[in-house]
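Same chain, two partners: chain A is paired with chain B first, then with chain C.
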Partner chain A sequence: MARAVTTRHRTIATVAAWIVALLIFFPILYTIITSFKSEAEAIQGFSLIPSGTIESYAEVEAQRGYFHFFLNSVILSVGSTVLALIIAVPAAWAMAFSPTRRTKDVLMWMLSTKMMPAVAVLFPIYLIFRNLGLLDSRIGITVMLMLINLPIVVWMLYTYFREIPGEILEAARMDGASLWGEIIYVLTPMAIPGIASTMLLNIILAWNEAFWTLRLTTANAAPLTAFISSFSSPEGLFWAKLSAASTLAIAPILIMGWFSQRQLVRGLTFGAVK
Partner chain B sequence: MATKQTNSLARLMMAPSVILLLVWMVVPLAFTLWFSFQQYNPLNPIRDGFVGFSNYLLFFNNPAFIASIINTLLLVVSVLLITVIGGILLALLLDQPMWGQGFVRILVISPFFVMPPVAALVWKNMLMHPGYGVFADMARFFGLQPIDWFAQYPLFSIILIVAWQWLPFATLILLTSLQSLDGEQKEAAEMDGAGVLSRFCYLTLPHLARAITVVVLIQTIFLLSIYAEILVTTNGGPGYASTNLPFLVYQKALLEFKIGQASAGGIIAVILANIVAFFVMRYAGRNLDR
Partner chain C sequence: MGKIALRNVHKAFGATTIIPKINLEIEDGEFVVFVGPSGCGKSTLLRLIAGLEDTTSGNILIDGRDVTNEAPAKRKLAMVFQSYALYPHMTVAKNIAFPLKMAGEKRDIIEKKVQDAARVLNLSSYLDRRPGQLSGGQRQRVAIGRAIVRQPSAFLFDEPLSNLDAALRGTMRLEISELHQQLGTTMIYVTHDQVEAMTMADKIVVLNAGNVEQVGTPLELYRSPRNLFVAGFIGSPRMNLINGRPAEKLNATTIGVRPEHIVVSTTAGEWTGIVGVAEHLGADTFIHVNTDEAGTITVRTPGDVPVQHGDTVYLTPDATRIHRFGESGLAM
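Entry: the complex of A and B
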């Protein structure tokens, strides 16, 4: 009897969950569908079956130079993440393996910098960037994205490093390993998964950052966030092109995101929910 | 067992992060604080100088300021309510045994990875457009008058878009927490004859409390600084109907060049964020002790 109830229960849950999930996913699905329509088709009314043309994709590149912005997104998100890791790995390392009384305070203070609203420093940053000639430069935005994500990178790495058992360190020390030897040969292999997860989450966050990338770039260093925003000007209805550009802009991150669900929970809750 | 040598090495390893963040936090904020007491307009440098608190008074007396504060709070609270309640219901549903659970999860989490300008423009054009949007098509199908969402309900429209972006986050966190609930406890409660509702109230909800707190705190940080979604949809309008505090500060600083007032607004945003930050830090700190 219990078996029958379970199957019925499972069927109802499956149907309900699929309906809700498809509703939530619908805007993305419809964007992908519309990207394979022509501009005329796109505004002809609701239709889930596109003609399958790829002219929008071709035009987005030919008319608006899509690839330039895509390349900028890749450079900025990967560059800022790598830069953040280079700076954060030693810090998180030190805090996890040689903690002092002040380690906790330092961590908390780092987190607090993440809570400063961007608008509060909009004009000073704009001014500093202008005077240093960094406006619309890839280097400037890379540093900016690195700074806003640095606290999360340190925190995430710290929570991963802390789980590496200290006994291994002691064993290595007994065998006469130097500190650098310890780090390079013993701990790094164990830390790679944590570093990889941190990297993944931060590429996603940097890719989608839409305040500084919009305000500090115009053309040369503008990533996809700025490119897509340019579609908001009411110069006509280019929905098929908007859809094609959007699909290309979210596809790589969507796929990365699907693989990083666990890390996302962990990274964005500072290890509070695992 | 740390020696003096490893201690100083540890300090050296932490130095770059600490110095960078310190400079990043202190220098621009000091500028903003200084500007907030100055009359400063890059287009009109003749009347520059110290003006005391008058920027703050100007900002407070601006009707847009009150509107922007109310909009900011409405945006944050509405999105929190929708995402937390919706997230709990959705997490409970996804926690049930079903076919294709992994795929359903992928579908539900997806909106979180969509960059804000894409989310906002897709909703604005393809879903909520009064002429050609899917909602308008649906309204006409049922013989109703299509709604001009961004003209009639600008703030609500933005709330809808932002809630769509954050519902997956809330669901994912709450589902993760739900899955760590002890199955034996649930069975025991069931055997004792506890109904579905009382099991939810006395067992599930207390277990979720921690995750709910985390969701509320993290989302509040991000929701206080919603910007791109407003920029590409309503541009703050009509009037100030969908202008929040970050957007008002942006308008003052980079469109009107009223740097003094913008800086005063920025400092107010900092104070607002600090009230939230206080609770976040307390929570994160407690978590660190375990």
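Entry: the complex of A and C
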């Protein structure tokens, strides 16, 4: 009897999970389906069966050139992530292992910057970028993306580092390791799972970031977000082309996410369950 | 060489004083045990010597050199932690080699020293394993191996056996004592277990609330405890501390009698009482007797004594071995 109940529960849970997963995934699926339709098909209404044409992809590539945007996305997301880690690893180390009375406040303050609506600082930041000649430069937008995601990176690393027993670092100190020796030989290797998932998450966040990349870039430094939005105007909406562009933009990160999902899930739930 | 001296060492965390002011001399080659109840400051004192905590004031001297403000690595001390603190991502060989690598030793010398340490500690066949694949005792040995390869001037042990089961603890206790005899290096050992302190130490430092209550050899502390705290802390089972009339008769506020210095009889004796619990250990019997005159008294008698709960017994303390304490708690 008990077994029958658990089996039924499990079936219901599985079906429910599939429904939720499909609901979440459906917009992406429909984008992919639409990208294989012709423009005429795309505006006809809801349909899950495309004609299978790849003309949208060909046109998208011919009109804008995918590779340039793709390369920018890679440079911006990887660059900003590396930069963020270089700053965040020592910062999180200091906060996790030599906390002061104000450490928690500093962490909260850092996180609070994420609660501010970005548009509130659009104007000053735009002016700073313009005056420094950083508009549409890869360096400028890389730094910008790094700064936006830095609080999350510091927070995540801080949580991972807190899980590492302090005695191990003290042992390293007794064994003659310098501060850098301690970070390089002991802390970092032990925190690699955490650092890896922080890195993956930050790459995804930077890849998908659209507010600043759309406003601070035009052509030279424009990533895939700009590539997508360039198909929504000024000629009007072309659903099939827009979908093809979107599919091309999300495909790399989707593939990366798929291969690293185990790492990501472990990273995001790290410390939640002892 | 490993002569360590503490001069007026004081430690406070904010307004909380952990160690009021300690003066202590540890001779080269000595096995010193810091013992005391948890929270007495013994681990803090060890960490001050190690350099893992900063002293608030006072000086720490190693072989006459003031190391108070020196980094842990510069003090040439090695430490074995309670949790072993092994590097989980390194093999046993790499764990043991780590301090040598940090010291910039040549690879072939590192290799040789690691092999030597592994041989001494019976770890030769585990060198390629990770700490996670070892038992508690083996991990403890790796931690000791990591400490001995550096040939430090002194070893610091912070409750190293408290995570092991009783049987293994006994074995490791012996191994550490043997290691001390072999190396002849100064060792400072922190424990709350007075049996460890009594069996291993050349010199015991009894700490209570950051104060040194008494320093002496195990037998000195056993035979002549300086105050009530030491009397109650050293010895197992605990010394019986008796107030009231029996103490007044001897012109003391409190008298102390060790359980092994009381004779039990079923016919006659100084105090009469009823057996509460009798613990039959085989070699010894611990009898807890509720008396009218002296309260609850624990008695340790050799062999198996056939007494049971509810029996009436008579107790006579060995008059030559009664400890007398005055009002201030100091021995008279």
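Simple rule for what comes next: the second predicted complex is superposed on the first by the 220 of 274 C-alpha atoms of A that agree within 3 Å, B and C clash if a C-alpha of one lies under 4 Å from a C-alpha of the other, contacts with A are read in each partner's own complex, and residues count from 1 in each chain.
One rule holds in what follows: contacts are C-beta pairs under 8 Å (C-beta built on N, C-alpha and C of every residue); 3 or more make two chains touch, one makes a residue touch a chain.
Computed from a prediction, not measured in an experiment: that's the story for all the values here.
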In the superposed arrangement, which partner chain does A:M174 touch: chain B (first), chain C (second), both, or neither? second
Which partner does A:L214 reach: the first (chain B), the second (chain C), both, or neither? first
Chain B versus chain C as contact partner of A:Y30, first or second or both or neither: first
Which of chain B and chain C A:M190 touches, first, second, both or neither: second
Residue by residue on chain A, keep only those touching chain B in one complex and chain C in the other, then list them. 170
Can you check the complex and tell me which residues of chain A touch chain B? 6, 9-10, 13-14, 16-18, 20-22, 24-25, 27-28, 30-31, 34, 43, 45-46, 87-88, 90-91, 93-95, 97-98, 100, 104, 106-128, 147, 150-151, 154, 170, 179, 204, 207-208, 210-211, 214-215, 224-225, 228-229, 231-232, 237, 239, 242-243, 246, 249-250, 253-254, 256-258, 261-262, 264-265, 268-274
Which of the residues in chain C end up touching chain A in this complex? 50, 52, 71-73, 77-79, 81-83, 85-89, 98-99, 102-103, 146, 150
Which stretch or stretches of chain A touch chain C in the complex? 165, 167-168, 170-178, 181, 185-186, 189-190
Could you list, by residue number, the parts of chain B that touch chain A in their complex? 1-2, 6-7, 9-11, 13-14, 16-18, 20-21, 24-25, 27-29, 31-32, 35, 90, 93-94, 96-101, 104-119, 121-127, 131-132, 134, 137-138, 164, 167-169, 172-173, 176-177, 180, 210-211, 214, 218, 221, 224-225, 227-228, 231-233, 245-246, 249-250, 253-254, 259, 262-263, 265-267, 269-270, 272-274, 276-277, 280-281, 283-285, 287-288
